[in-house]
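Here's the structure we're looking at; comments come further down.
We call the chains A, B, C, D, E and F, going by the order they appear; numbering starts again at 1 in every chain.
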Amino acid sequence: MLAVYPGSYDPITNGHVDIIERGRKIFDRLIIAVLMNPAKQPLFTLEERIDVLRELYPPDTGIVVEAFDGLLIDFAATRKADVIVRGIRYVSDFEYEFQMALMNRRLDERIETVFMLPSESYSYVSSRLVKEIFQFGGSVSGLVPDCVERRLKSRVT
Amino acid sequence: MLAVYPGSYDPITNGHVDIIERGRKIFDRLIIAVLMNPAKQPLFTLEERIDVLRELYPPDTGIVVEAFDGLLIDFAATRKADVIVRGIRYVSDFEYEFQMALMNRRLDERIETVFMLPSESYSYVSSRLVKEIFQFGGSVSGLVPDCVERRLKSRVT
Amino acid sequence: MLAVYPGSYDPITNGHVDIIERGRKIFDRLIIAVLMNPAKQPLFTLEERIDVLRELYPPDTGIVVEAFDGLLIDFAATRKADVIVRGIRYVSDFEYEFQMALMNRRLDERIETVFMLPSESYSYVSSRLVKEIFQFGGSVSGLVPDCVERRLKSRVT
Amino acid sequence: MLAVYPGSYDPITNGHVDIIERGRKIFDRLIIAVLMNPAKQPLFTLEERIDVLRELYPPDTGIVVEAFDGLLIDFAATRKADVIVRGIRYVSDFEYEFQMALMNRRLDERIETVFMLPSESYSYVSSRLVKEIFQFGGSVSGLVPDCVERRLKSRVT
Amino acid sequence: MLAVYPGSYDPITNGHVDIIERGRKIFDRLIIAVLMNPAKQPLFTLEERIDVLRELYPPDTGIVVEAFDGLLIDFAATRKADVIVRGIRYVSDFEYEFQMALMNRRLDERIETVFMLPSESYSYVSSRLVKEIFQFGGSVSGLVPDCVERRLKSRVT
Amino acid sequence: MLAVYPGSYDPITNGHVDIIERGRKIFDRLIIAVLMNPAKQPLFTLEERIDVLRELYPPDTGIVVEAFDGLLIDFAATRKADVIVRGIRYVSDFEYEFQMALMNRRLDERIETVFMLPSESYSYVSSRLVKEIFQFGGSVSGLVPDCVERRLKSRVT
């Protein structure tokens, strides 16, 4: 089974890491699909986001990191993925994800969306909040992988 | 990967059938785990519920039907399952399922819960509603598999 | 247009009264359909509940009070109703009502369900809470019509 | 009864069409009220959106298409509407709509908001998603009326 | 400020303990108000529940443990409480609590309800789940205080 | 106990006033913390927003009005606040607030977030809606304090 786990990863948080580890145990192969152009101005460039992910998931982890643009379902179909993995934590997440999953199923019924829960320790961690805390000078330690924390810190100096 | 799909199946609806078919494509093996004693007085006995399921999923489908009692997570562990599959349709489903999944993870962290969406055609179908409609003389055609409809009808005569 | 407004009315609250008045302005004719046997042991008998409603809505109001049993959609079809009216206040109301409305549409596609909002003043008033408050000796003044309050008080003595 | 069904209709989807048909059966007259200046940059100009709607609902359908600007409740009052119709599919829809309906009631208590459910087949269809799919080259067939699909396609060439 | 923290405490969980500790820091005095007769058959008698709470919160903690029957708001008024404290974790909690708080405000406007969040570590812990796990032979270690765990275990033998 | 009640107050609504009055009865001292730079272009400048608040809450009310920038939790810590007060009305409010409160607790565990409910009369009032109504020429009377209404009107002339 090949699963795609899509996102902006701007930056990857420990909540993402948690879902990746859980997904890895269920699906033989996992593609982390990095959205090239998120709606909002990203903090990290696509290259930086991919660099971080490849540092965290080198080739021998069986996890592949790839950028994508356009419709997620088209990218997943090109890669012959069986499954799209999404983490959900909140009711509002859930409703948006529900709508996207039904639409993606309509666009390509061969690919199924499955939802997973991150650890409750990360229930309140999102890329948006991490960026906000960082930009206002707060500590993001424990919210993101160490290599992300280092990159964030190196920006300030 | 071995997945457990638990429920009371009193009776199995086309919403359950939809999730079973979707789950079957993702996981090599699937156990339909029938809760022996649901909280409320069941319409069908455990034997009847198991009969129906085995009629629908004969051995050559790679789907196993088993009864269980006690904690679902203990049953899943005994069977060496990797995954518990749950269908979600509503926000209220989601919150209850969220709570159960986190508790089950605490009780046995080796087994992951994944959530799947039934087709929107079955979003409003539940065993409880099917029973209510049947008991008030309404038609459940298209809401449950044919063999369930036949059994329901044979009850009235 | 003929609308049916169903409920247990055990007892009718000022929230129900609010919806009835709003519905009456939109639909020519309104049937208040009183569920004969609610799931739980009712506080008022069917006769008492119908008496109260007929006292509140005498024939010249253009509102008809009737008891029903079985499936609501069958009752509505027998009366040649065009519309089922439901009040919603909460997300949890909404999800249950959504499911019922889709099921009723499937059972008889000629009858549409429309949802209305009670005044925010009654957003927290329900028959269940009114009964609880009354049974523990609290005042239900302003939560139910005067004639209901009188009947409740006469019970105690 | 005169009902107003407001929206941006950028573009009209089959979910809108579904609500319009259901509303048309309940209310004698229906005005489709097209918001002149949606918050975001529209895909279709006001003229194009009105053209499409008038093509779909020519005068003999008893449905009137009009543009409006400013407060919806003021537009509805000018037209002497009795009712505002809104479709709801999700909890998040519901909460926003609830807030707007109570505010509109405060601004003009003569006009009531009623909520209707689109068919579950359209539960995941929104103008926003349709635009996204179209812009990324996906097929919107079955999600929008044919004349909208044609207009979208003619844009690309 | 005197706060009342009501519940069935059948049994007290670590989620309750968490809220009590947080409430204790904000309010000078805290009454843990134990509902005498919960709707369902309790696992522990009122005496046992009170014993456990007094063992956990001896007089020198400034926390008082009391049983109550009837309306919570009447009990709170008798004790001249300023505040009712409630923990919320889920949307469904929130809606029910919202309704109760508005009703209690109507019954006695001098007493305010404030809501607090337990640690995310206890977001999935409830008395009902603890009882279920215990009754099916699962471990409740870490979900309830040690003295509750001991009492549960002594029941089995 | 010192409580901080943060917001953009662009403009303050009667919903805010309601929470401030309720909060004032529970906490000895209250700081109204005005976010300097809200995400969107404010209608009132920071100076105007502070002026309005100081007119409404002169020093002898025991309420302090202060501007803040950066992380709320840092501001609260600098002021040695014990509590952050937030009003919640909707499920969507609740989920966002839940996430922020858990994050703030992580950033500084000494400061607790408590949630309060405004009167149901203000359940649908928000700064955003007030601005929208004002900008389209509707009346905001009863939605905001008189001094805000006067300032809004003086803008038009």
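Methods note: a contact is a pair of C-beta atoms (placed from the backbone, for glycine too) under 8 Å apart; a residue touches a chain by one contact, two chains touch by 3 or more.
Remember, predicted model here, so these are calculated numbers, not experimental data.
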Hey, what chains does chain D share as contacts with chain E?
A, B, C, F
Going only between touching chains, how few steps reach chain D from chain B?
1
If you walk touching chains, what's the least steps from chain A to chain D?
1
Repeat of the B-D interface, chosen from A-D, C-E or C-F (over half of contact pairs identical by residue number)
C-F
On a C-alpha centroid basis, what's the spacing between chain C and chain D, in Å?
31
Report the inter-centroid distance (CA atoms only) between chain B and chain E in whole Å.
34
For chain D, residues that touch 2 or more chains besides their own
91-92, 95, 98, 102, 120, 123-124
Pairs of chains in contact (touch as defined earlier), listed by label:
A-B, A-D, A-E, A-F, B-C, B-D, B-E, C-D, C-E, C-F, D-F, E-F
As the complex stands, chain B meets chain D at residues 91, 120-121, 123-124
Show which residues of chain A lie in contact with chain B when the two form their complex.
1, 22, 25-26, 82-83, 88, 91, 94-95, 98, 101-102, 105, 112-117, 119-120
Across the complex, what residues on chain A touch chain F?
90-92, 123-126, 129, 133, 136-139, 142
Spell out the part of chain D that touches chain F in their complex, as residue ranges.
70-71, 73-74, 91-92, 95-96, 98-100, 102-103, 106-107
